[in-house]
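What follows is chain A paired twice: with chain B in the first complex and chain C in the second.
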Partner chain A sequence: MTMKSVAQASATVDDTHSRQTRKRIVHRRAWGSWIFAGVVLGLLVAIVDAAVSAHVVDASVFANYLFSRKILEGAGNSLLLGTVALFAAGAVGLIAALMRVSGNPVLATLSSVYVYLFRGTPMLIQLIFWFNAFPLMFPQLHVAIPFTDHVLIDGPMTEVVTPWIAALIGLSLAEGAYMAEIIRAGLRAVDTGQRDAACALGMRRGQILYRVVIPQAARIILPAAGNQYILLLKSTSLASAIGYLELLRVTTDIYSANFRVVELLCVAGFWYLVMTAFATALQMLLERLYPHR
Partner chain B sequence: MAASADLSASVPADIKARGVIRIGSQQTFPPVEYREPGKDEVTGVSRELLDEVARRLGLKVQFVQAEYAALIPGLDANRFDVASGGISDTDEREEKVDFVNYMYAGASILTLAKHKTTFNTIDDFCGKGVATMLGSRVITAAVDAASERCKQAGKPTIRIEQLPSAPDARQQVDLQRVDGYIGDLPALAYMRQQFPGRYNIAGGDYRLTTYIASWGFNKRAPGLRDAVQRAAQSMLADGTYRTILTKWNLSDAALPEITVNLPASKRK
Partner chain C sequence: MNVPNSLPACAVDLVGVTKFRGTQAVLRQVSARIPQGQVVALLGPSGAGKSTLLRCVNHLEPIDDGQIFVEGELIAYRERNDICFEMSDRDVSRQRQRIGMVFQSFNLFRHMKVLDNVMSGPRYVMGQSRSQAEHTARALLERVGLSEKAGAYPHQLSGGQQQRVAIARALAMSPRVMLLDEPTSALDPELAQEVIAVIRQLASENITMLIATHEMRLARDFADRVLFMVGGELVEDAPARRFFDDPQHARSKQFVSRHSHAA
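Up next, the complex of A and B:
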């Protein structure tokens, strides 16, 4: 088509124009990739067509439950758990990362043992541990102000460690181990020359951290932290195993009554996608605050 | 007694050609269907009933492990022919699946033995917590009703904790996070027997609700459903059905007749 149009153009327009047209760059067509794209699209159409004609999903059931109160409540709880756990994990991760780079051998070892343990075991096991094993090991929680008779908390551990608390502790500590590594990588990526320069200007340690290191480290930390937020939002589904009322548990509850398993899993999937879109938008916004130079 | 020619003639051709009837089950639900610790073989009252049903139809039984969430999609996807494992027949579920009803089941309450005199019925749980298995809709409805009665009597309501499996739910009783675990009476009796002296069943054999343990079939395959119903009915007629239930201490759970799609709500 392009060769032909070039030829037509040169035949119909005057000399000056035709000289310009001859100079136009004609890109070579990558026929192989277009054929592949066609095959992929064709397969996609065939799969969607097969799925629709098999009536796997009853669209009216899907639509009925998509905005039902229980589902929205579960999705809200998932979002809440994932978000609170992200901030808690950020705090835990920051402390662990600072311990690791502190230069103190005890703190650095403790931090790396923490990361090893909590990154090395499945989150599901950790959640069940906090919910079941922890109250078995410490049946009574007694918190008092030292050297006084003032008791803050005194009660059975099971009343303190509710499904919500167990899920929050479990997700925060597991995620904190990943955040520690991400933050440490960010801190280490800031050249030591920067610190030396700030030191030479007479800045104190805290000032160097706040004014020089963190703004630069944030550029490296934020995209990775956004990624972890998305993972964490999806990991809240694990809390259904300990009875926290989140999206997957609500969904399971409904489909075990009416057996519309696929439709309700699609409803849950839809809301996880919405949450992920929210997290992605938030991440892009934050990245704009600390743009790459 | 060999396979009855009359019964085996009613088996749909594709299943007859295969010679095997595939049962999808969680296999973690004693005494209905479960595996003894360290064994691969599925055992239980439903397994024995199905073995005899299959024998009369001239077929063999094959168990397929499937989680609760995968049971009904598995039927749809023809991964197995029967969904089993103590599922109960309800009106709502009948819109999706057909049921052959095979035994009475009911929810009772497991408590610690030391609370034997404290808890006799669900109404003794005002202001306390109970644990159930996730998705036990019939049970949660009954607890909600009792909770409402507590409120009317000016007492605090009943708290429900829902967990994904029976052992998880039972553990909440051990932890004393809740005071009772509500589950199938046969399953509770089995647990009490496994841990002598630890547990008690509230009120001896108090039943919170009654439901009908059933086998689930794809609505598009009524042939197998009817063949299984007829075979099980013939077992009821000649006493084999009752013999098997009695062997599992479940003679109280015997139905007067093997029915199709007759949930507890439609019975007297």
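Up next, the complex of A and C:
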């Protein structure tokens, strides 16, 4: 190409540019969603307006109870129960998941029956079972070291199975069934090549699990487990049915005496939101520390 | 203690190795004696049982008949009264330490940095201290030309780099025998070249190597010997030069002519 023709070509491009920049471009507006947004906002304003004019919440009562000692204790108990139950459920779930993938037909069947039973019945029924039905079935608890005279525990079951124990066992076993499925999915998602490589290096079965499979499965399990933690923190409210003094039980005890139902439920709701925010933050932190690759 | 059944000079001794998947035999009576330092290419169409044979040598897969000896020691079984009883996980793991393996899909530990991958064997299997293992690992990374990638994660590397790290990881255990299962098949020709260069270097260092491969260049350039397999059977066992110049078996002739046309 000669110099002259290059100059001509660029002149043509310039012309095209100057012609195009004069035109204004208007994109399509999604009118439908804006109209719907307006309707929803209108409804919301109407509800808030109705609530304010009816004086549904007494803000001073809400503020008084928000940091009251009993409420804080109840929230603390909820957080403790949910957290301890999560770790117990994680341990139960890991064992159940390993049984399921062990290749042994008896262990695998036992594991899937456990998951079916404990995932298939309402948590509330399980809690009531551990607190009320279990002590009826086995009224006396006697634990001794076999072939010796050492007795570890001996007493009526009702004394051993306190609301705290029943709630912990109930939530851990019910949640363990969900965790078993989550952990199993995580273990299966680890490429078999990773196990082959660890095996070929001479790692033993336990080492392969601990050094290679679990660290990788954990990155898949973590987000789902965080979700379960949030569910579990809210599920601790079920323990109110068996008299464990967690947040909801404390709240209902107070409002059944003073009839400030709305304010106290708002207080309980507030603390559940705080707990959930805490769990979400923890989950995000862990996911950042152990990113999935 | 097992009494060595074969000559000490023999690095790998395959005796009538047979394996079934269901009712189908994937390895039929494969026998070969591989002396110390020999580089052996396993060739054959896909499904011939090349990979399976390699995976049997370090007992990633159990065999159904026959015996495998590495440096005279019966692999994964203990013979008592003419019956071979499978060893414990502990004992097989100990035997695997002397047998390095490299995989088609690299299989680097994804959650570990390159350096940790290379140190994983010495640290977790041989129980070395971190500083001790790090010294060897850095030297090995230098040797495969990847010193500057020590702090990277596997997913940040190209396939060729990952495979070179995988070779370094296997070498960190100072293996007596290396098993390479299609080491370049997942790589484009350019990246395969850098891996082949590393393998060529190893071949000159008197490590016994068994390489299952499609890459004719790998076999032609530096294999001492070719085992040609079809349908789980060892069809031809010949020095590499003779296999390519004058294949004996009809299937070998067909295979060699087809692949030399392609190359």
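Everything below uses one rule, namely that the second predicted complex is superposed on the first by the 250 of 293 C-alpha atoms of A that agree within 3 Å, B and C clash if a C-alpha of one lies under 4 Å from a C-alpha of the other, contacts with A are read in each partner's own complex, and residues count from 1 in each chain.
As a convention for this text, contacts are C-beta pairs under 8 Å (C-beta built on N, C-alpha and C of every residue); 3 or more make two chains touch, one makes a residue touch a chain.
Everything numeric in this text was worked out from a predicted model, so none of it was measured.
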Three-chain arrangement built on chain A, chain B and chain C clash or fit: fit
First (chain B), second (chain C), both or neither touched by A:N258: first
Which of chain B and chain C A:I230 touches, first, second, both or neither: neither
Partner chain(s) touched by A:A217 [first = chain B, second = chain C, both, neither]: neither
First (chain B), second (chain C), both or neither touched by A:R249: first
Which superposed partner A:P135 touches (first chain B, second chain C, both, neither): first
Lowest inter-chain C-alpha distance for chain C and chain B in the superposed arrangement, angstrom: 50
Chain A-facing residues of chain B, complex: 68-70, 72-73, 76, 90, 92-93, 95-97, 134-137, 161-164, 168, 171, 174-177
Partner chain C, residues of chain A touching it in the complex: 191, 193-194, 196-205, 207, 211-212, 215-216, 219, 290, 293
Residue numbers on chain A that touch chain B, as the complex places them: 56, 132, 135-136, 156, 158-159, 163, 240-243, 249, 252-253, 255-262, 265
Footprint of chain A on chain C - complex, ascending: 55, 58, 60, 89-90, 93-94, 96-97, 99-101, 103, 105, 107-111, 120-121, 124-125, 153-155, 166, 169-170, 173, 179
